[in-house]
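Next, two complexes with chain A in common: one pairs it with chain B, the other with chain C.
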Partner chain A sequence: MSMVSEERNPVQLGRYLRDNPVVPLIALLFFLIAVLEFMKPGMIIPLRGGRDGLVSIFWVGNLIKFAIPLAMLAACQVLTMLTAGIDLSAGVVATVSAFVCATLSPLIGIQLAMLIALGAGGMVGLVNGVGSGVVRVHPLIMTLGTGLIATGCLQVYQRFVISTGTEIPQMLVWLGTGRTLGLPNGLFLFVPFALVILWIMRFSGFGRLLFALGSNENAASLSGVRSWQVLVALYTLSGLIAALAGLLYLGMIRAPSLSLANPLLLPSVAAAVIGGTSIFGGRGSFAGAIVGALILRVIDTMLTLLQMPQGARILIFGLIILTVTGIYERIIRQG
Partner chain B sequence: MTALVSRNAWSLGLIGLLLVLVAMTKIIQPDFGLSGLESLSRAALPFAFATAGMAVVVIVGGIDLSVASMMAVCSVTAAVLMPSLGGVAGVLLVLAIGAAMGAINGALIVLTRVPDIVVTLAMLFVWEGTALLILETPGGGVPGWLRQGIGGYFVIPGLPKALLLIAVIVAVIWIPLRRSKSGLAIYATGSHENAAFRSGVVVGRTRVLAYGICGLFCAFGGLSLVSLTGIGEPVPGPYLLASVAAVVLGGVVLGGGRGGLLGPIIAVFVLRIIRTILTLAGVDPNVTTIVEGTVMVAVVMLATVVTYRRVRV
Partner chain C sequence: MLTDNTSQPLLDAANVTKSFGAVHALTNASLRVGVGEIVALMGANGAGKSTFVKILTGALHPDGGEVIIKGKAAHVGSPAEARASGLVPVYQEPSLVPDLSVFDNLRLTDTPVEAFIDFVEKLGIENLSLNAMISALPLATLRILDLARALASKPDVLLLDEMTAALPTDLVERVLSVVREAADAGCGVVYISHRFAEISAICDTATVLRDGKTVGELKIEPGVEDRVVELMLGAKIDLGQREVGKESRIRTVTPRLSVNGITAAPKLKDVSFDLYPGEVLGVVALEGQGQDELFEVLAGFEKPSDGSIEVDGEPVTFSHPADAIAKGLTLVPGDRADALMAERSVRENIALPFSASIRNWGPLRQRHEKSRVAHAIERLQIDTRAQGEVQRLSGGNQQKVTIGRWLAKGVETLLLFDPTRGIDVRTKRQIYPLVRELAEQGAAVLFYTSELEEVPLACDRAVVIFNGHVVDVIDASKADEQTLMRAAYGLSKTESAA
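Up next is the complex of A and B:
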């Protein structure tokens, strides 16, 4: 993506990039990783630091490990944004699911606890779906509200289980912290998950309905799409995904709290947006969101490495989201 | 008269609801009187200003997710500057900073053409970081007159100063604006941007103006925060969610072009008094959060159903 080629044929390049939003993102990801390596030689390429190996598997594994829960929550945002919605309850749902699972496990067994945790996520999603699909409340308001209600419920629930103690299922710890061949075990969950989401978006009828609703809801409903059914199913799915992400995050952090996954919410929106998903619906890619999540994590590492004060880190994080989406919008508009 | 009533039906309904809630409070707690109202309006100050700011940008057709962060910046700036700079100059400077921050948000939205929600999401981080850079831990201070300025009653007992402040500040900023050409442009841009553009409204400048006004209200919010606590607090409070809730409850339609500032401000008091009632009734504060969320969702659902009915008939 050099300046020369852009000037030579801006229209074609823009069109190409619009159809393949992942390409420039991957380029950006590698550029950022190169900057990181430049900042701290030997971090990614151990040979330069006098150690063995061309690429530090440990570093790559760590990057992927922390990007997985973010990418899963970004899936909620991508799917809902396809219909011009958004799921701002995803962070709270992930927290609820993690907390419920950790506190119920000693009481009723691990399998049942995980099922109930997923069920809780699905319930919140169902309420979101009914609110935005049937009653037609704006999804932003609806999901903010349910997030608030779920937080309250969690706080009340916490008082009943405060004495039972917590247990984190071994399986989740294995998924969250274990490594196979240097890569995080979370991939065993994430790769099938990502394939399913990509399949839903690309090849399934449901995915086509999502794109149709987001591109032109009137046209879609005139062609016989029952939008409320699609939206109820969509938000329930989004709740389930968020609950699953919460379970994985629990295994990774191993300390349930009342705000465990909440800080992931806004970055998940950012990851989806950086990944080329339009907040107005009809355009989106989960592959882009995955790269977006990786980019956010690299930026995070970079800012930590610079040892900046907390304030400067948050500030630069915001500026980078703004710059990336700004440039992106410009490229796409040219096409 | 009927025109006035039907135009303000939503606000009047809210006032009715508010009166019912005040009566309920009085029944639950017979001691609830003027001092209760006074502390209620004092606690409502930052919420009211955040909501006023949010309402203006929602009317222009946008949304500003960074209101709480901008309030944090204003609050720490005030707390850091005022001890050395003095009160009046400090207040003016903070107001200018707030308006500038809002205008920056608006300008970025117009220039980058990235959706409002994404830009202000990014700016939420930027302003939060700025607040932390200005003051890492809560601290600083404000002159005493600012603290006394918002407590107690004005002239006649029974008129809380805080309530008067909200009314006067919002009225002085909003009423002239709304009557002016720019105010009309704000509503026009919010209801149909293309139509507004073709009728000669400078859409970009109108947007920046609306976001600037939002920033100005946030500055007042930040100032009321320092005056309430006496120190600057760099971590943003829960004002984003609350302000969106109050704006929607106040009859401003998300998407823009409809509603005013009176409804949202009354809505702030409705939401605050619900909290008071629940506290007085001895309800667990955690349950209060659930009730607040449910009220917010239920009201919006009801409003949506009602407006849809009206459109269909």
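Up next is the complex of A and C:
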């Protein structure tokens, strides 16, 4: 858009920021990194610590590595939030997928195990889609419910496979922990993934409909869109993405548990919201969510550095999220 | 019983003005109701009637003028205060809380229960249990309960807004006689209705609004209808001339759309008509005569409870607007906000139907889309300076976008529901020739408008719907407004053109 030149006008600025939330978010990210460097000199710029290198590739790699599963789960939130929905089962689905893959691999082989893991995620997503699209249960309730059901099923399932042991596919370990030229191998999965999501949102008919449902469902319906079809496909896709993120996370953590990826759920919502996606639908950006995920990781590092007790960390985390979104909403309202 | 000039009026609203932004809804509205008097408040669509009612009942603040109830300036700030000042309204929609019993509803408004029961019985409802849940009672009963509750609170002025709409005939008669009785006992009544029969049965005078002004106060006497219609019409803005030589010529044997005995709750009853390709068929109706239901049924939003629809001679049933679109029936709804994605671009809004079916969920056909959208924008002359978000467009341009959506898709049968409501005259003048042109190119257009003067400009024939029924079919190109207005009020039959 040609509004860059008119930035001085606050209304135009607000509008510009709303259309391009990524720009100020990247600025915020760099600001936070600068604060981090200030708190612990040499952490990001090794030269200042007397070591070699302008920027610590290791640190940057680590930042990216842990932001990837978060950003993937944030994709679930961005896509569903576009239609004014949400996917609260994403964390559990990732966990289920990881656990199923790790426990089935020694029994039926890696490929089949991964396929079944993705299938399980898709199934949960399908149920979410039918519930919210056909039965019209609110997605918040629907996905919360399926998340709990999936957790219960996982605990039952665990009793059957308790003796088989686990195996983590080598490929996933390579993706999760390996590095190429200092950068995490997870990017080999994430970059194509992100491109597909961005393409869906901008250049596909399906993506158009996600925005349409969130902007004005009645207008969509009037134009011949059967919203249940869109929602079923959307939540199934979201389930598949969450399962994929779970597999990657399994390779990264290398220890399947019954709550492996659950703690990523709320940060994934936060990353989407910080990234400029509106929970009321019709507005959202995956690029913003990726930066949002990076910002959350930096903040997390910061709080660890400060050696805060867990309670204070969570508290500050919440405050930062509220502040960022508060500022953001303010800008939008001016626009 | 006429106003006793020596006593002071119960309700005296004088020189009331109200503007919404640049729109002057009321410029000089006045209404006087004396002791024991029943005054009909009349006005065509857009005359400012609803705004006036909202001001009288305290839902809106006037910009200027005063509402005086029983000699006291009523600084009406809320519906509750209006009630306390002595003016009690009864609307078309029941205002009882559905999840409470009758008794609990009475307690909410401190209504005396015995007086209430008296009135309920007088109004012809027997064996009403006070413990019955409101949600379990039929609609007609609820209207009666509303009226009984209002009467029981001993109002000084009773305001009845279309309260007899869709009441069965025997109940209407009871209502009228009870209202007359209340007036004889000294109550003042403002009576709003589209039905001349009821007005001449009980009203003493009629106050006529036009373009936000009170233009006349007439005594109700035989033959007053013509005078009222004349006053409601007045002089209008010039909307341009119908282009000569653009009459409909195409009359194939099979109608594009054939509607047979469609009935849909709550208001549409047994409506039939045919719409031919190449024809613009007007729908003439006062507000709330069933036209909303008709368009919802035809666009696939509602299923009719009875009757059938045929498209090109084949029976069809729609369970979703997508089904109707597949048969070529496309709707431009009355409220633009229903049709547009406010924060999305002009292009996305126009191109929305392209992605609707699963087949088109894949890559966008950018070039195809771009040229179709550009074509629609050009044909409608949409001002695209603010095309990034349709909410930044003017109302007229927004409306063009909702029409443009179907131009881009290709028009077969266009259902236009009041497409010129609330838009500027220039845009209106662009829309009539466009509609004619579409018909000339073979499209069938069903055109409901709340502005009667548009009917001869755009339509070939017009069906008149009153109280849910088709009461007349008029040759629209020759119909004058007076004829249309009389027909819309169900007054008299004209020669049928069908």
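We adopt the following convention: the second predicted complex is superposed on the first by the 327 of 335 C-alpha atoms of A that agree within 3 Å, B and C clash if a C-alpha of one lies under 4 Å from a C-alpha of the other, contacts with A are read in each partner's own complex, and residues count from 1 in each chain.
Throughout what follows, contacts are C-beta pairs under 8 Å (C-beta built on N, C-alpha and C of every residue); 3 or more make two chains touch, one makes a residue touch a chain.
Bear in mind that the values here come from a model prediction, so they are computed numbers and not experimental data.
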Chain B versus chain C as contact partner of A:Ala84, first or second or both or neither: neither
Partner chain in contact with A:Ser215 - chain B first, chain C second, else both or neither: second
Which of chain B and chain C A:Leu115 touches, first, second, both or neither: neither
Which partner reaches more residues of chain A (counting touched residues only), chain B or chain C: B
Which superposed partner A:Phe203 touches (first chain B, second chain C, both, neither): second
First, second, both or neither for A:Ser223, with chain B first and chain C second: second
Which superposed partner A:Arg283 touches (first chain B, second chain C, both, neither): second
Residue ranges of chain A touching chain C (in the complex, touch as defined): 1, 19, 203-206, 208-209, 211-212, 215-216, 218-226, 229, 233, 282-283
Of all residues in chain A, those that touch chain B in their complex: 86, 131, 135-138, 140-142, 144-149, 151-153, 155-156, 159, 266, 269-270, 273, 278-280, 309-319, 321-322, 325-326, 329-330, 333
In the complex, chain B residues that touch chain A: 63, 108, 112-115, 117-119, 121-134, 136, 234, 241, 244-245, 248, 254-255, 284, 286-294, 296-297, 300-301, 304-305, 308
Residues of chain C touching chain A in the complex: 299, 301, 320-322, 325-326, 331, 333, 337-344, 348-349, 351-358, 360-364, 366, 388, 405
